[in-house]
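Step one of this worksheet: look at the structure below.
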Amino acid sequence: MSAKAKIGILGASGYTGAELLRLLIRHPRVDIALLTADRRAGKPMSDVFPQFSPYALPTLVALDGVDWPACGLDLVFCALPHGTTQTVIRALLAKAPAIKVVDLSADFRLADPAAYARWYGHPHAAVELQKKAVYGLTEVYRAQIKTAQLVANPGCYTSCAELALIPLLKANAIDPDEIVIDAKSGMTGAGRAAKEEMLFSEVSEGFHAYGVGHHRHMAELDQEFSLAAGRQVVVSFTPHLVPMNRGILSTIYVRGVKASAQDLHALLLKSYANEPFVHVLPFGALPQTRHVRGSNMTFIGVAADRIPNRAIIGSALDNLTKGASGQAVQNMNLMLGFPETMGLEQVALFP
Amino acid sequence: MSAKAKIGILGASGYTGAELLRLLIRHPRVDIALLTADRRAGKPMSDVFPQFSPYALPTLVALDGVDWPACGLDLVFCALPHGTTQTVIRALLAKAPAIKVVDLSADFRLADPAAYARWYGHPHAAVELQKKAVYGLTEVYRAQIKTAQLVANPGCYTSCAELALIPLLKANAIDPDEIVIDAKSGMTGAGRAAKEEMLFSEVSEGFHAYGVGHHRHMAELDQEFSLAAGRQVVVSFTPHLVPMNRGILSTIYVRGVKASAQDLHALLLKSYANEPFVHVLPFGALPQTRHVRGSNMTFIGVAADRIPNRAIIGSALDNLTKGASGQAVQNMNLMLGFPETMGLEQVALFP
Amino acid sequence: MSAKAKIGILGASGYTGAELLRLLIRHPRVDIALLTADRRAGKPMSDVFPQFSPYALPTLVALDGVDWPACGLDLVFCALPHGTTQTVIRALLAKAPAIKVVDLSADFRLADPAAYARWYGHPHAAVELQKKAVYGLTEVYRAQIKTAQLVANPGCYTSCAELALIPLLKANAIDPDEIVIDAKSGMTGAGRAAKEEMLFSEVSEGFHAYGVGHHRHMAELDQEFSLAAGRQVVVSFTPHLVPMNRGILSTIYVRGVKASAQDLHALLLKSYANEPFVHVLPFGALPQTRHVRGSNMTFIGVAADRIPNRAIIGSALDNLTKGASGQAVQNMNLMLGFPETMGLEQVALFP
Amino acid sequence: MSAKAKIGILGASGYTGAELLRLLIRHPRVDIALLTADRRAGKPMSDVFPQFSPYALPTLVALDGVDWPACGLDLVFCALPHGTTQTVIRALLAKAPAIKVVDLSADFRLADPAAYARWYGHPHAAVELQKKAVYGLTEVYRAQIKTAQLVANPGCYTSCAELALIPLLKANAIDPDEIVIDAKSGMTGAGRAAKEEMLFSEVSEGFHAYGVGHHRHMAELDQEFSLAAGRQVVVSFTPHLVPMNRGILSTIYVRGVKASAQDLHALLLKSYANEPFVHVLPFGALPQTRHVRGSNMTFIGVAADRIPNRAIIGSALDNLTKGASGQAVQNMNLMLGFPETMGLEQVALFP
């Protein structure tokens, strides 16, 4: 590989595409060689996101027209809608067998074809790839990601909750049957599609739950929590939308198993002592979304509930950065042999 | 009593004071005769809240200078800070023994002097009044409120959660030991005091929990839930601040006792069938804060969790209206023999 | 006419439709007999705007299916899109010749067919009605509105600027060639259509001008300012979108003609001394949108610029209330012989 | 000078202090050696701004206790309140005569002692320094800044308007007597002091003008515009507060002198062709604050007004970055001989 890797972004006109660009424009080892956006093909990126006007970037092209061998890309980020992605990636890998892929959709997150079919209502169209895909929660699957060709970047809600709970479940420190995750997300998590319920006038000065009892991120949580606990885990999970742009805060209610809230805090502190992008706050302090905005950081806090043996855990990240595009770049760094933090050092934007 | 009751507002320069005025200016049976605000004494209300410029209102006066017998008030709303209120009301009733009081502070909400001392860190200064005060959750204590001289208007978080849970606890339909209340409030709930953490630049684009494990509204919840269940109840309760002005949404995780989620929904529907200010949504629908903004309505919804036997209940109200000043006016109507809904018919302001 | 007038709302699923309902549900002389919304026909209003769940309202029907004579309506509010409205109203009046109409679209605001064709790019389809329509700026055309069959409710930007400037132009107190109107509107002014640029994530933390040099409200301003000045007036007008829901603030730069800023203030004060819905602030104070939110009030202020002979005028109203549906109800009251302020007494919602 | 310059921030607990840190933590040639904050002395920076928790930073100290010679700083940023700054810097330079200073207050922006006294109400306390201070609008005073010891960083409003207008005034392309600047700023421009009018509940859903006719940034505008035009210039300038955190948009009304709007656009395009931090949009496009958020960019656009010979210019920057701390770092880079864009390459954060 040359000094700079050639990368592409499929689906560059959405929010995760823009966030990838924001991070990659400054990445010293990356050459942005391809940007696709079917509905905007032929237009400059500055038409779609004017903040990129000052930068020289490839013109947007349609996915179907890409000549993959001629592109000579080292890696693509796939920021396409759920469902179609599996077909796109299968076709892409047929034409460019050496290319590496970080997929930001949900298509390759579930390892079990039956679980996929159950949650998504149709059989998976690329089962052989599904088997090879590595789940891209970097802190947990770092070794596998380094050698993976296809990484399934986790969902934003799931990264947030999994970083807080996986170390506790692995240590059998909490009761897997008594986990309640009350999650709150900024609006960018809902994407850029024009829908009435996402209009400013609908959302501003409002707050509400959605997907109650049946949100698809549950499938990912089930998979990863069960792996961590070594038994089947099913959690209560309720997502909400907050009138803000970026950030997820998960308030998580757990019960210690021979472990006090302080013990849980100590366990997390130890687990993440050397992680550049997970920061555990002092005991009793819970995180705030504003303090991770625009950064690749996850802030985790633990406090004791007033009910004995129960703890309240807060986990906060920026849904577009560590919850999506930032973690995708983190995974790219591992896959291409770059320092893991390269291009991700930006400090949170607050205020 | 004459056709119009003479009322006063003690502490008119805060948000609950302004909300009382918004409602009472249009109330057909009320004459606003006294407005106090110590730091703004001598100023017109339009200096403090310019939206009242077009209305003729009494000039703000200092509390100490009020000649109570001369005022001849029928009822006062007390919107003063916690702690000092008990002394103020004791003194006031000494001078004007026939006056009725709706207190919006926390001072008279707890019936038990020991509980008060434990939660507030000092003995109650008006224990004899504490005994006579009626807890002002109108839908539950309507009969007592009608004949009360002193009504302790409930807290905003507590009204929201209690309206959702008291009928279920009274019916023994949920397990009292397994209640988790994850509450989210708009910023007006934090009042008008100038504090750094409440500045726009701190709050906007932010979301966070606070008072984790030790919020004072827990004392009220304990009291009312224990009364409803007929045994001691202690709940998990975590409040959060949302970057919006008005509204509380409580997401409540409960477990049925020989009762499905549908049973819980049916029970709430029946309980509130004739209540003008509590509306139960169709099964599966959860409420949104925007749909109650500026109204005296509480919207309650019930959905099944995917974990058997568990349900997720949403309860939404406007913290300044049904959560404070609206319920105060509702209580005043009962105390003065007016129709309960008088002056409270405004439809929610959305968008 | 019976004690209650039967009214209909054509296009009830948009923001101005919802605002009309908010006001009319409480109007003591109105019976809401018809609600149309083509795409939502057959659904209850609570599906479209859940805040109306507690109220009994007619089911939404398609416009084409209405049996006008059977309906027996006294008046309809027409909240349909620009362009189609003229055809709809022409057809409606053919079938129900006695019905009165308050039209909230732009279709009948311009009296001159040539001006209409120039600004809207096509000839007017109901020129004969265009001639009979009365421009519904209530404070200026009160006498004509009382006897009108068809009232063209003004645009939100135009009401805001015209109330501030028409008295000054009529008095020849300002130079008509030197008016700059820098207007800022909340997002509800852009309606409820699902468009990318109106998503929360696009708008929040953003601020920008639009329609620079060619906004259609200019045509209205030209017409009314020219009438007031008795000569042709063309103004600089630049609208902006503010990340908030409701409210317009126009900052207007004018130059006195033998009139100081104080003189302009005195003139406005005198002009609106008896108007229930226009309030002139003390000299030097400029209005804020929050103080008129949800009310039918316009607040106007005048300050001196530091450049001699120039003044800065601020005018604020709620674009959905006085800027649209509130003024529509005000006009209905005049057309049906009700007190002008009936149903419009709500105090502004702040905070 | 060693490879890394040692720098200090005086007044690190405010918003401009935090923004300096955000930028400097990643600056490859800077060692952050001193952070002062009198009221927070002894505390870690993470207490004041938790987003800095993951970074090793000096503990906050009181200004009075600093041993300047021992510190051996190369440069300090002074982010202290207006008025006291002049005394602080005079004392500091007496103790550390070689230190360089970028002052973010208003104290050294006005070159004329008489103008200072007139606008600020008291004589300047360091007139000799006032004479030596260089006005820090980088694009205009680059050469002087390179050799300056004391740079007076411009105000946020003034940078925004001056970058748009100075090239036009220098070229005599617009009439200096006919400039109207209608400016809108996010709330961080008002600082972090706890004031009632800056509370979230006051600001959200609100919009208003302030300082009408007498804002202190006028003095800077007068000074720089007069220098550019070669004659006295006095402009109309009205600032407004927008319910958002970051960003200033100035909408500027100008009249060409033998220059069309297109000519003005071409002139700006040429002036800024090689500037890294000023980007001129295509003719007719006006800038939006969201597209510069968190970046050091200024976006400028020009459109024709419908009135002949008039143009509307939009200028947008992030008040904390190019409007304050970003430009301060840009100036530091020049003063210390670093590449001008070092540490300032971050792309705007949108959404």
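Every chain is named by a letter (A, B, C and D) in the order it is written, and numbering of its residues begins at 1.
Please note the rule applied: a residue touches a chain if its C-beta (ideal position, glycine included) is under 8 Å from a C-beta of that chain, and two chains touch if they have at least 3 such contacts.
Not measured: the values here are computed from a predicted model.
Chemist: What is the touch distance from subunit A to subunit C, in steps?
Modeler: The distance in steps between these two chains is 1.
Chemist: Please tell me whether B-C or C-D has the greater number of C-beta pairs in contact.
Modeler: The comparison resolves to C-D.
Chemist: Compute the distance, rounded to whole Å, between the mean C-alpha positions of subunit B and subunit C.
Modeler: That pair's centroid distance is 36 Å.
Chemist: If you average the Cα atoms of subunit B and of subunit D to get two centres, how far apart are those centres in Å?
Modeler: Averaging C-alpha atoms per chain gives centres 45 Å apart.
Chemist: How big is the gap, in whole Å, between where the Cα atoms of subunit C centre and where those of subunit D centre?
Modeler: 40
Chemist: Which parts of subunit B, given as residue numbers and ranges, touch two or more other chains?
Modeler: Expected reply: 15, 186, 188, 201-202, 204-205, 243-246, 287-288, 290, 293, 351.
Chemist: Under the stated contact criterion, what part of subunit C meets subunit B in this complex?
Modeler: Those residues of subunit C that touch subunit B are 15, 18, 21-22, 25-26, 49-55, 188, 204-205, 245-246, 279, 281, 287-288, 290-295, 297, 299, 320, 345-351.
Chemist: Which of the residues in subunit C end up touching subunit A in this complex?
Modeler: Those residues of subunit C that touch subunit A are 15, 186-188, 190, 192, 194-196, 198-205, 243-245.
Chemist: Report the residues of subunit C in contact with subunit D in the complex, numbered from low to high.
Modeler: Checking each residue of subunit C against subunit D gives 180, 182, 184, 186, 201-202, 204-210, 212-214, 218, 234, 236, 238, 240, 242-247, 249, 251, 253, 284, 286-290, 293, 303-307, 310, 312, 314, 316, 351.
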